[in-house]
Structures are given as structure tokens and as C-alpha cells.
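Take a look at the following structure, please.
To keep things simple, chains are lettered A, B, C, D and E as they appear, and every chain counts its residues starting from 1.
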Amino acid sequence: METTFYIAGAVAVIATILVIMSYNLIHALLYLVVSFLAVAVVFFTLGATFMAALEVIIYAGAIVVLIIFVIMMLNLTYEDVQQERSWMKPSVWIGPSILSFVLLAELVYMVVATEAPQTTGAAIDAKAVGLALYGPYMLGVQLCGILLMAGIVGAYHLGRQKKKVVHRFLERSAAS
Amino acid sequence: MNANDFLHLMPLLILTFGAIMNMLVISVWRNHKIIYVITAMSFLAAFGSLFELQVQGAYSIDPLLVIDGFAVFYMGLVLLTALLISMLSYAYFEQREERKEEYYLLLILSTLGACVLVISTHFASLFLGLEILSVALYALIAYLRKRERSDEGGIKYLILAAFSSAFLLFGMALVYASTGTMEFAAVAIAIAGLTELPLLLLTGFGMMIVGVGFKLGVVPFHMWTPDVYEGAPAPVTAFIATVSKGGMIGLLIRFFIEVDGFRYPVLVLIFTIIAIASMFTGNLLALQQQNVKRLLAYSSIAHMGYLLVAFLAGNEMGVQAVSFYLVAYFITTVGAFGIIAMLSDKVRDAEQLSDFKGLLWRRPWTATIFIAMLLSLAGIPLTGGFVGKFYILAAGVRTELWLLAVSLVINSVIGLYYYIKIIAVMFQPAEEATIIPYKLQPSIYVASMGTLTLLTLLLIGIGVYPTALLQLISTVLETFQVVAYR
Amino acid sequence: MAAFLWLIPALPFAGALLLVLLGSRLPRALVTAIGVGSVGISAAITLLLGFEYLSERPAFYHQELWNWFNVAGFSPSVAFHLDALSMVFIFVITFVGFLIHVYSTEYMADDPDYTRFFACMNLFVGSMLVLVLADNMLLLYLGWEGVGLCSYLLIGFWYKEPANGYAARKAFLITRVGDTAMAIGLFMLFQTFGTLHIQTISTEAVQVWEVGTQLAVIIAFLLLGGAVGKSGQLPLQTWLPDAMAGPTPVSALIHAATMVTAGVYLIARMHVLFELAPAAQMAVAVIGAVTLLLAGCAALTQYDLKRVLAYSTISQIGYMFLALGVGAWSAAVFHFMIHGFFKALLFLCAGAIILALHHEQDMRRMGGLQKKLPVVFWTFLIGAASLAAVPLVSAGFYSKDQILWLQLAGENGSIWLYLAALLGAFITSVYTFRMVFLTFYGDSKTHVGHQPTLAIRLPLIVLAVLSLAGGFIELPHNFGHVVLFSDFLSPILPAVSVVPDFSRYEWMLQLLAATVSLSGIFIAYLIYLKKPDLRASIHRSDTAMALHRFWHSGWGFDKLYDMLLVRPYVFLAKINKQDVIDSFYTFIVRLSEFFHLLFARSQNGLLRHYVMGIVVGAIMILTITILL
Amino acid sequence: MSNIPMEAGLLLAGILFMLGMVSVMIRRNIIFMLISVEIMLNAAGLAFIVAGSHWAQPDGQIMFIFILTMAAAEVSVGLALILQIYHQLKTLDSDAANFMKG
Amino acid sequence: MILLWLIVLLLAGGVLAWVAQRFHPASPRWISLFTLLAALLLTLMLWSNTGASLTDSAWLLRLEQPWVPQWGVGFSLALDGLSLLMLVLTFFLGLLAVLISWREIQHKVGFFHFNLLWVLAGITGVFLAMDLFLFYFFWEVMLIPMYFLIGIWGHENRRYAAYKFFLFTQASGLLMLLAILGLYFMHGNQTGTFTFNYFELLNTALTPQAARWLMFGFLAAFLVKLPVVPFHSWLPDAHSQAPTAGSVILAGLLLKTGAYGLLRFVLPLFPTATVEFAPYAMLLGVIGIIYGAILAFSQTDLKRLVAYTSVSHMGFVILGVFAFNEWALQGVVMQMITHGLSTGALFILAGFLYERLHTRDIRQMGGFWATAPKMAVVALVFVMASLGLPGLGNFIAEFLTLVGAWQANNWLTVFATIGLVLATAYSLRIMQKIFLEKNLEQTVLPDMNAREMLIAAPMLVLILWLGLYPQPVLDLAKPAIEAQLQAYNTPLVPEPEEPSIQTAFYLPATDSVYFQNLNEAFYERK
């Protein structure tokens, strides 16, 4: 189990690095899926099987697909990849990387330096989660509903195009 | 969940109900006025239901929420402000957007998020409340889709808010990892015995501060404020400045006092630095600003710094001072943005300093209201802002936070400079107006001006006779169980 | 009659007030009536009061009008104190003042500001009377400053000429320097005695202090400062020659007869204090001696008729100081009175000449007036004789002789002071008759216009009589021994104690003084009338001319003060016109603006940078957590 | 069940979080930024699950569900907004959305 | 209650004036005129009624109403001689301010008078408040309308001046607020009752360290307002840019609030700290006297010149306050009143000149005596008052101050006295440049008209009256001053017996009794 955890973790990290470094959006998204899948494996090793499934279904599935849809709508081309490449100059990424590294170092230091109370991890099955979710966290679930409602209404309002604009857009995409 | 729980959640239920009503009505018949009325009514009803709560001690709905005096006060504040904003919004959106109905829906949801924030006692409810607030806000900020600035503000806010939410979440995870619980009270119990906090926990707190600090718009997490304030429609800006920040403040106080963070010098130091940096940065940034909305954004950074002074006082007086200050600040901010909304035309908001040239002679009453608001921000007597600032200083002096108090004083002076700069612009010789506000229907105009006048009177009322409000605050806060005041 | 004491100063004040309030609407005759009449009635009351005083012989009259104020025991009153000393002074002030007022009616007749002139003159007379009648130092100070104000107003009377304004300001400022010293003296007096009441101080001082107590010396010096300023003595004498910018009657009244002798009055009034402070008293004498020589020399070289008289005034007051310095109080006061007569006379004559010559004041352009202005000539001659102390006939001889004699014979006297005084007497007669010869003899150079009428002649004649006869009320004891005047003053001013050994030399000394005086006249006659070659040879000599220029400029004091005080002050004021302290605050403003710009650049609108801002904040927070 | 130390799990979460953070900072493409934020949120969720597994409580997983919900809502609004911006500016460059500054 | 009505009267009058402009453009003038007249009469009535009650207690009237009981804030007003004098001055100068503005202010008349009356209301409140919170409240209330007065109706550089004025006073005021709060909590922690009441706070026992800091807080506000030299730089700008009425109120009243604050709060609250600080304060005063005089001498802008003379004159105030004896304090009170009159008058004259010439540059003036003799005489009197000519009120003030200061510190007093010489220099320069010399521009300056004479005449009468018979004023202020000094020591000098002069002949040495006491006391102190 431990080995699986470490391997999956390594895969997740590498895949994420590749997400960061790739210039092509679609490639990046594919790596992202890999990363999510690896994380799902990590969940599995931690005993959160239900969450592993959710990770695959919603993150790797729904969200990424949503993004891909949008990318398709935007009709990105090779020029965009070139542009992406031109944006990724060392001068751009060195500073933030150093900052992040500092922050990571601090985080690592803190995590390692802490003597966390020793308890053994235990698998939490879907039933326990479900009981808790519809027990004490009942209200939370309802709030989630409201959250989604806000998201939907917002996305609906913002995403709605003026007819004319949509029309022109279609025209142009047809022409190209 | 039992009937009593429902009763205590009545304000939230009413808001949800209002939102759903709105949605239904929109799907049947888009009508601005009806939606507006429903919205206002649901705010009003939610506010009214607060009186039915009759809080005796704290009523807790384990593990997520608690309804106590503090919660009632902050909810009331949030709801009233939202009501006022919705009233001002009507005039603003009437002329601008062909689809104005969703705005009210989002406004209600957003307010609901803020309400959840102030009554939450658990990381989960904190997070959910915050996100409801944020997600609704993304759409609200970018609501006027045709304005580039509106979109820009929206995307900036979205990315940054999600970014900071990630920090908040990671922090919460660390705290959870360290203590094994996500309830405020349990966290407090877990660390109660410790004289020194474990590093993991501190890191968690530290990362949570990032998230909280972002919402409050304090230095160094302030950079979104001016852009979002400028980009958002004036009523939404008012909403961000008041409801969103107020909700966060309420949460911060509840959490921090519950875990008694004042015991830990690290946290106090961090907040002290943030407070001082916010005051100076905000005020200095505002100094030569020509855009009134941006200027108010910068000034809000400074005001959050002021609030932190009272917050850091960490005593009962501090909490009361924060509450009082918020009331005054809310009235003032809503009033100021209300004026901006009133003066705006169809294309852009009246946000350039030059738009206010000679306002005192062109529209004396509007100008007078605005002057009152600015003076309140500057903390000049006869306005609530003065009493609020006084209270904050008093709280700070009581705990002998001399450094903070002196910074506050210095900054009040810097702040004064740009507030009176606006006033000075207003009494310059009248010129041809560069921005001609949309002619409102007389009834709407009267209603809006009436609202603003009411706000002004309220502001002066609490400035001249703060006793009643103080009384209210202290009675309401009595039920708020504070672990340990210094 | 004593009940009317208050009327003496009040009347001129009332006159001034009336003229100020109604001046522009009154006909000229009424202005004259008010202006001259108020002083005239004052003079009359003074005379009546004087007779009463002489017959009753009380220690003093006292009249309290009201309590000025009372703060924690500091309670000066507006109260008048009339004793012999004040009597002499108010007599001179009102009487000479009246004559000069009369004279002015003609002298100023053509001036458009006739009313203003009389208002100021009346105000002056009132203030001066308050000065000498005050029963406490504070009220005295009121009069003291009041006369300063009037002096300022009258010197700058013809204000259109900037030089006149300058002279006026100079007079006010320089005297104010002395007044400041005096004010400090008053603080010290008050601190010691708890009152500024003069009589109380005089009585208490003797009990509190030994002779030579340091505090007493300091206070005496400070009061001396005031006296020196007002009386144009060294080192504050430079304003007086310039003060001649005012109309001539003003010079006669203020800058010759009355105000400038206020210093003499002050010292005489506070003589108890000065007796307790021998060092200060010695200083008075030395100042007097030096001043009289310096001013005499300066007078020798002046061409402006009035400037000669001005320097001569300084010099004569030097004599008074000399007398005061050796404790010859009554001699000083006597000389004051006589000087008041003859100097007023000389000035008025000068005024008549100036009027006749169309405001020509340069003696080199005069000459030959002996025939054309006979009355003026004769009266002037009498005045000059008195000034030069021509023996026996002139009043000046008696007053000055007394001083000279007491320099040697007085207890505090010394041979050096005597010699200085003697030399001064010589110089005096030289410059006096230089003036006479240059003005009245020789060829006529300027057309004579206005012939004096009664309003001018009458004062001249009266004063001339007084200048001749005034001396006979006090004659040396080897020579008639009339002591009316010193007797009159004796209750107030102690007589000087004479070293008895000197008595037998008195004759000799008088003879010496007379000789000196006459020889001075003779030398003036030689140089300026008889032997013009002599004069030309002096003019050819470089050293003589350098000396001449040096003396002409009043020993360079003006230049010195200008360089030491005025210029640095003006320079300081000029460079700091914008107030350096202000720039400090401007700097703060600039600093905040700088920070504003700095911070504003961070707000560059780039989303990535904003994210970075948050990250930096997170790093800072975590760093703090780790480090602490 | 597992003997994986909590530190290891948290470190993994931390590394993923930081990677996401770097990405937000270095990318100019708004979609990339959004993706990066998702990575961060996912990392935070991982941390919750690690902690929950450590304490053997379901709460961590429940938080993960909430995070998931929030991420979904956020992505939907975000994408809508991005679409809108793309139509306004014809680019996904976040630096182009730079009208407001100072 | 009458005290409250005074304030309410002014506030209401202000609002009425603003509103009334809609109905008739001239009505605001009349409304504020009558309001102030009523207020003045009311205070004069108070004065005339208080002859007997003065002796037993310093306080003539008190009003205590709860305001914010949670904080221990009361609406507490009280009137003693000092306040009464200040009120009379306030309303008198206010009345004049209305009269001067009669023709000068032609636009936004209503708003102008609104601001004018509200400034005066704030000032009245400051002079009456006996609750530190209330005091601070009024202290700030007077700023805003003043800011408007300068900023709207001022001269060319008015905005800059208005900012400067506002920022300086606000900054210093906030420091005072800190000190007030510090005092409040120290008192509260000691006694358990948290209150801002002045009379209660007087009994606070402070450690020397705390007292020092709190005193500095209070001083900050008062010294800036006064102003004392390094903090004076707002004043020349504010004074020279304000409209005439504004200048008069600034110089005549606003500066006095600083002096009043020193007397009322700093002295009694921190008796030990002030004694410690006294030499430095007096030094500041002397620096102010001399520095202000030098600056005044170099100015060419008439109003700026007069403004700097204020700096110089206010140096005497701080010099006197920190001498801690009755002479000096009486001198200070007199200085407050007479400076209000004399400088006010000079500003009014500057206003008259500006109205006629549209310049304040004295280099463009000269020789106006010929055509405007009345104005010249008035100017002369007030110029002389400003240089401290005896017989005019300022002399009494300065002399008493100096006498008092001399008892405290000899050398500093010497330098302060030298300031009198410098005062002569700049004062005479005013006369010289405006009324004397040649009239270079050949301007025919119309003399003062009846309205202007109506303004000038009372001031002339008052300044003369104060110079010749200031006793009523001194009597009125005496109990108040003694009360402020109570914390220091019992008065040095026992009450003198009335000098018993019945006859025309003076009986010497009646006052030797008290002179001896004084001497003893003095040497003991040394």
C-alpha cells in the first residue's frame, strides 16, 4: 500500500509539473487528468475509496470535460500554442518559482518539524461518509445546493451571449 | 433537524425562499419591479424574522451553525445593508441592463452566504458560506457584461478569490490534521491546554489568514480591491465593501475569540503588521487617486486596518467597537456608493473626480449627503464615523496598543487629505457637468434620494446620540459567549 | 485747586480726542481754539496750582482717578502725584508747550494737515504731563510710550517723504530699545517691592538695599537704559538728529524742551535708587560727559541749522546727565528748565528763518538775515548767548556754571568730568556762534519771504526774556546766593554735598568757565566772520576734512548700527521670508506623495502580479510563524 | 488500514498545492490559471482526506465533497466569464485585461 | 440650560440662514446678525447677573445631562468667568464678522452664514464643554465649517490653505484624543468609574511618566492651534487666504481655543508634568515671539504679515501660561481678548483695503492717509495696540504676562521683552507701507463708510477701555484663574487691603505688608 502511495504521489507530481509546463491546452488537460487519476489512487491508498471514485468522476470527468468544451468553443489554434510558448520565458517563471519554492520549503519544514499526535489511519467507507453527510452535515449539503444554484445562475447570466454576437461568431468560425 | 432548528434558521430559509421565488417568477415573467419587490420583501422579512428569534443564550445547530446575539446582530446588519443596496440597485439597473432580474437572485444568494458566514461554527459551514458569497459575487461583479471593466473585475476577483480560498482550505486542512476537529469550539478545546501552538497548527492558521485577509482586502492581500471596486457596478461595489467584508469580520471575531488567538503573540504580531501595513498602504495609495471608486477602495483597505486595531484590542470593548464601526462604515459606504450610483450615466459610473466638480452648487442636497459620508469616513464629529473611530481608539488605548493607536492617528490625517480633496472638488465653481445622470422616474428618484437622506440622518443620528446603538450592541452581544477577554 | 490736577493732562487729551473725532468737519479757527486753548487752559491751571503750591507748601498733592487694575496685589492706579519736581516739569511742558502751540498757528497755517498737527501736539502734551505726573512707574511708562508715539507721528508728519518716515520709525525703534530695558527694570522693581508705586519704592528701597546692592545696580542700569534712549544719550543718540525731519515747532517742543528730557526726569525721580547704585550713577555721569563732547563735535560740522540744534540738544542733555551723575539733582533740573527756554527759543527762531527762506535749512545758503529778520535775530542771539553760557547776562550761564562747579566740588565729582564739561562748554560756544555768524551775518543768499507776525514774535520774545532772566532765580552763593529753585526742590531732591575745600576756588572756576565760553565765541568769530582764510585752510587739510566728515556723520554711529544690527536683521528676515519651518512640512507632503507613487506602481492591473502579492503575503506570514 | 504517515500525505498535498500556485503565477492564459487553481483546490482536498484518514473520521472526506462542489460551481462561472472576456478582448491573455490600474 | 440654548441658537440660526437664502438673497445676513446679537445680549445678561456669585465659586452655571452613559460621557457644560469672557469675545467678533461680510460675500450667502454660525457654535461649545469627550467633539466640529469658509470664499490659494489648516489641526487634535483616552482609562482603572467628566478627571493620580505623555498629547492640540513656532506653518496660509470674516474668526477666536485649552485642561490636569516642561514651553514661547516677529517683518502680503504677528503674540500666551502665577495668567486672558480685538481689527482693515484695491500686497500701497484719514487713525490705533502701546489693551496683557513670566524665568523674559522691539519694527512697517510715504499708484482710496465705522468704532472703544480700565474683565477671570492654579500652590500674594486714601495726600507704605510677603515668598521659592 505504501509503495502504491508513493508511486501514485510521484506520478501526480510529475503529471502536474507537465501540466504547468505544456504549451498546448489540450495536452495540459490530459496531463491534468493523469494527475487527478493519480490523486485518486492516493485516495484509495488512504482508504477513501468513495472519494477516489468521486475524484475520477467529477474532477477528471466533469470538470475537465467542461473545460475542454469551452476550449473547443474558443477554437484555439496553433498560434495560441506559439503564443503560449512565447509567454513562458524564464524571466516570467523564475521569480514565482522561487517564491513558491520558499513557501514550499517553509511548509515542508513545518510539516516535518511538527510532532503530530500518533493515531493510526483507518479506512472510512462510503457508508460512514454518507451517514455523516446526511447526519450532522445535512445543512452543509443544502448549502452546497445553494452554492450550485449561485454558480448556475451566475454562469447562465455571464455565459449568455447576445444573439447578434453569437451569430457573428458562428459566421466567423464557419469562414475559417 | 427539528422545528426549533427551522425556527432559528428562519432568516436563511426566507432568503432561500426568496431566491427560489425569484427564479420561478423570472422563468414565468421577467419584470424588474416585481423581482425587486420580492427581493426587498425577502430581505425585510428575513430581517423581521430576526426579532422572532428572541435569543436567550446561544442556540446551536450542531455542528455547523449557531444562532446567538452576535449572529443576530451581524445578520441584521448584513440584511439591512443588503436591503438598502437592493433599493439603490433598482434605480441603477433600471436603465442599464436588459436582463436585470438575475441580479437580485444573486444578491439574495450572496447575502445568504454572508449570513451563513457569521453564524458558522465549523470549517465546513465557514467554507460553504464563503463560497456562496464568492460565487454569487463573481457573477455580480461581472454583471454588466458589456463593460470591459466589469468583466475584467470579475475575472480578477474570481481567480484571486479561488486562489485565496485554496489557501484557506489548505490551512483548514492543516488545522484539522493537527487537531482532529473542524469545529471552532473543539479546536479551542484542543489547543486550550497548549501554551505554544504546534507548528502545523500555526501554519494552518497562517494560511487561513491569507484567505480571510483576502476577503477583507487587507495588505498584502489587498491588490484586487481597487480593480474590483472600479469594475463592479456601483451597488455591487457597495455590496462588496459592506456585506462581504462584514460577514468576514463577523467570522473572524467569532473564530479568533473562540480559540482565543490573542494568547499567541505570533498571531497578534501578524495581525498587527497587517493592520499597520493596511492603514499606511491604503491611505498612501488613495492620496492622489483621481477615480473616486478606486479611492474608496483604497480607503476601505485603510478602514479594515482601523477595524483590526479594535479587533486586536481583544476585549469586550474591542468587539463592540468593531460592531459599532461596522454600522457606521456600512451606512457610509452604502451612502457614498449610492451617490455614485445616482450620479452615473448609462455608459459609465460617475467615478472620476472631475465628475464631482461643482456638485455642491449643481445638486446641493446630493452633495451634502456625499459630504456627510466623506466626513464620516474621515471620522469628523457629528457623524457616526467619528464615534466609531473614537470607539476604536478607545479600545486600542484600553489595551495600550500605542503603536497601533498612533498609526491610526497618523493615518486618519493622511486619510483626511483625500477625503477633503473630494469635498474641495465639490465646491469648486460649477461647470458644465461632464456626466449627465439618467433622468429617473420621479418616484424612483424620490425613493432613492429618500433612502440616502435616511442614511444621512441615521449617520448623524448615531454620531450625535450613539447611546441607543451602543445599548443595542451591548445587549445583543451579551449572549455572545466570549471565552476570555484580556 | 488741587482737585483740578487731573484737568492738566486731561484737557490736552480731550483736545486731541475732539480734533481726531471731529477734526475734518471743524473750521480752522475752531481747530486752533481747541488745539491751543486746551494747552493754554492747562498752562493756566498749572500756574494757579503752582501758586497754590508755593503758598501752601505741602509735601505733594496726590489725586487718584481710578484703580487701573489689580492683579494679585499688583495694583497700579491712574493717579497723579504732584511735587516740586513734577511742578517744574509741568510748568515747562504746559507753558513752553503753550507758546509753541501759539507759534504753530502761524507756522503751520498753510499745511493741509493742520488739524492732525494739533491733534498730535495735544496728545503729546497730554502724554508728557502724564509722564511727569504719574505716581507709579507703570503710568509713567504709559506717558513714556505715549510721547514716543507722538514723537513718531510728528517726526513723520510730512509722511510723503520716505526719509521722514524712516526718521520717525528710527526714533520710535531706538527709544523702544531703551524702553525695553526700562520695562525689564520695572519687572525687577515689581519683583522686589511688589508694587510700582514710586513713593513706596523710594521709601522702601533704602530699607531693603544697602548702597551698592547688585540688584539695585542692575535695576538702575536698566532704568538708565530707558533714560538714555529717550534723552538721546550715548549709545542711543542716533535718532535725535534725524528727528529734525518733523516740523520745527515739533523739534522745539518735543526734541528740545520736553520729551528728550524725560530721561532726566526719570533719573531725578528715581534718584534714591541711583544713590543706592553708585556704579550706575557714575555711568550716568560718564555717559553725560562723553555724549556732550561727541555731540558737540558733531554739531560743529553740521550745515543744517536744525541738526546743529539737535546735536546741541544732545550735548546739553549730556550736561544734565553729568549733573545727575554727580548727584546734583536740582542743578540738572535747573539746567533742564533753562535749556527748555533757550532751546525752544532757538528752534522757534530757526523755524521762523526756515519759514522765511522757503524751507531752506542749509546754513550755507543763509546769511545776512540780521537786517531782514531783526526780531528773529535778536531773540536768536539771546538764545545763543544762553546756550553758549555768556557770563552774567544769560540764564544758561548760571545753570551750566552750577553744573561745572559741582563736577569738581561735588562729592562724586572728578577732575576728568570737569575737564570734559569745560571742553564741552568751549565747543558749545564755538558751534553756537558759528551758527549765529553763518546765519545772520555775511551776504544774503536766499530771498526772504514770510515775515513773522505776532503769533511767532510773541513766543520768541517771551522765551527770550525767560532765557535771559530765568537764571536769576538760582545764583551761585558767592554771587548773589539766590537759591529759590533748589529750595523749591529741596523736599524732593537732596542737595549735593559739596566738598568744602573747593569753595574758595569757586570764583576762579567761574572765571575760567566764562573765559572758555567767551573764547569759544571769539574763535567762532575768527573762523566764520573775520578770517575766511582760516576756514579755507581747514577745508584744505585732509585730516581736518576726514575728521569733519566723521563728525558730520555723528561719529559713524549710524553706519555702525546699520552694519551691526539693521542689515543682519533685514537680511535674516529677507532670506527667511518663505519660512524654513514650512519647508519641513512640505517635505513631509512630498514624502507621502513619493510613497504614493511607489505604491501606485505596484497596483499595475496585472492579475499575475496580484497573485504574487498574495503569495508574498503568505510567505511573510509563514516566515513570521517559523521565526517566532 | 494504511501505515502511510500523515506527513507524507500532507507533503504530497503541499507539493501539488505549490505547483498549482506556481502555475497561477507564471501563466498568462486565463484558462491555465483556472486550471491551476483547480489543482490547488484538489491539493487542499487531498490534505483534508489525509487528515481525515489520519483521525479516522469521515469529516475530511465530507470537506472534499464540498470542495468538489465548489470547484464545479467556480469552474462553471469562471468559464462563462472567460467566454465573455474572450468575446470582448479576443484573447485569453490575462495581461490584456488590464484597463484598471494605478 | 441657557448654555445649551446658546449653542442651539447658533446652530439653528445657521440652518435657518442657509434655508432662508431661497426666499430672499439678503435674508441670511439679517438672520445671522440677529442670532449673534441675541447670543451676545444673552451672554452680556449673564455677565451682569453674576456680580455677586463670582466670589464664592468659580462656576457660574452648570449643566449636566447624560449623553452616552455607557462610556461615562455626559453633555456637561459649565460657565465660569473665563468662559464667559471668551463667549462675549466670540459673539462680539462674530457680530463683526457678519458685518464685514455684508458686502464682501456676494455668492452663496446662505451657506456662508451657515458655516459662520456653525464655527461659532463649535467655538462656543469648546469654551463651555466640561466633558472631555464633548470638548473634543466641539473641537472638531468647528473645523469643518472653517474649512469651508476658507476653501470656498478664500483668496486665490485657498484650497491649499484650507487643507493645511485642516490637516494640522486634525492631526494634533487626534493626538489629544489619544491623551484624553489615556487619561480616561487611567482614571477608570484607578477609581472604577469610567468617565470623561472634567471635574472627576481632575482627581486622577498619575505617575510622572504617564502625566508627561498625556500632557504632550494635550499640548499637541493646543500648541498647534495656538500656534507655537515649529507648528505654526498652517497659520499664515490659513489667515491670509481666508475671507476677512474667516481671518477675524481664525485669529480672534480659533487661536484662543488653544490658549483656553492650555488654561483649562493642561494646567489643572497635569500639575507636575507642566512644571517640569515649563522652561521648554517658555522657550518655545520666546522663540515664537522672536521668530514670528522676524517673519512678519519680511512679509509683503498684508494679511500674511498680520498672521505672523499673531504667531509672535501667541508666544506671549504660552510664555504666560507656563509661568504659573496669577499675573501671567491674567495677562494671558487679557492677551486672548485684546489680541482678538487688535489682530481682528487689522484683518478687517486688510479686508477693507482688499475690497478697495483688490490686492494685499503692501508694496502696491502707500500714502493712503491723505484720502483715508479715518482708516489711517483706526489702523494707527490697532498697529499701536499690536506693538503694545500702553493705554491700549494689549499693553496690559503683555505687561502682566511679562511681569508674571519674570517671576518664573528671568532670562527668557528678557528675550521675550526684546520681542517688543521687534514688534515695533514690523508694526511701524505696516503703517509706513500703507498709509505713509508716497501714493505711488495715485490710487484714491475712499475712506471708511458708515457701516465700516460701525465695525471699527466698538473695537476702538473696547481696546481703549481694556487698556485703561480692564478691571471688570480681570475680576471676572480671577476666580477661574485661581481655580486653574489651585493645583500649583496657594496664591503667592494674599489679597491686598484696599489702599485707604481718603485725603488728597498720599500716605506712603500702606502696601508694605504685602510687599514683604511677596518678597518672602519669592526668596523661599528660590
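Brief remarks follow.
Operating definition for what follows: a residue touches a chain if its C-beta (ideal position, glycine included) is under 8 Å from a C-beta of that chain, and two chains touch if they have at least 3 such contacts.
Remember, predicted model here, so these are calculated numbers, not experimental data.
Separation of chain C from chain E in touch steps, taking the shortest path, is 1.
Considering the contact criterion stated above, the chains in touch with chain B and with chain D alike are A, C. Compared with chain B, the chain whose C-alpha mean position is the greatest distance off is C.
Chain pair with the larger contact count among B-C and A-D is A-D, by C-beta pairs in contact.
Located most centrally within the structure is E, per distance between chain CA means and the overall CA mean. When each chain is reduced to the average of its Cα atoms, A sits farthest from chain E. Averaged Cα coordinates give chain A a centre that lies 6 Å from the centre of chain D. Computed centre separation for the pair chain A/chain C is 101 angstrom, with centres defined by C-alpha atoms. Chain B and chain E have CA centres that are 44 Å apart. Between the Cα centres of chain C and chain D there is a gap of 96 Å.
Shown for chain C are the residues in touch with two or more other chains, namely 600, 603, 605, 607-608, 611-612, 615-616, 618, 622, 625-626.
Contacts with at least two other chains are made by residues 95-96, 99-100, 103, 106-107, 109-111, 116, 119, 137, 140, 144, 147, 150-151, 154-158 of chain A. Annotation for chain D: residues 6, 10, 14, 17, 20-21, 24-28, 33-34, 50, 52, 54-55, 57, 59-60, 62, 66, 70, 73-74, 77, 81-82, 84, 94, 97-102 touch two or more other chains.
Contact annotation for chain pairs lists A-B, A-C, A-D, B-C, B-D, B-E, C-D, C-E, with touch applied as defined.
Listed in rising order, the residues of chain A touching chain D in the complex are 1-2, 5-6, 9, 12-13, 16-17, 19-20, 25, 28-29, 32, 35-36, 39, 42-43, 45-48, 50-51, 54-55, 58-59, 62-63, 66-67, 70-71, 73-74, 80, 83-84, 87-88, 92-93, 95-97, 99-101, 103-104, 107-108, 111-112, 116, 119-124, 128-129, 131-133, 137, 140, 144, 147-148, 150-152, 154-159, 161, 165, 169. If you check the complex, the residues on chain A that touch chain B are 106-107, 109-111, 113-117, 119, 136-140, 143-144, 146-147, 149-151, 153-158, 160.
By the touch criterion given at the top, residues 123-124, 127-128, 131, 135, 138-139, 142, 145, 148-149, 151-156, 158-159, 162-163, 165-166, 169-170, 172-174, 176-177, 180-182, 226-227, 230-231, 289, 294 of chain B touch chain D in their complex.
For chain C in complex with chain B, the touching residues are 592-593, 595-597, 599-600, 602-603, 605, 607, 609-611, 613-614, 616-618, 620-622, 624-626, 628.
Looking at the complex, you find that chain D touches chain C at residues 21, 24-28, 33, 94-95, 97-102.
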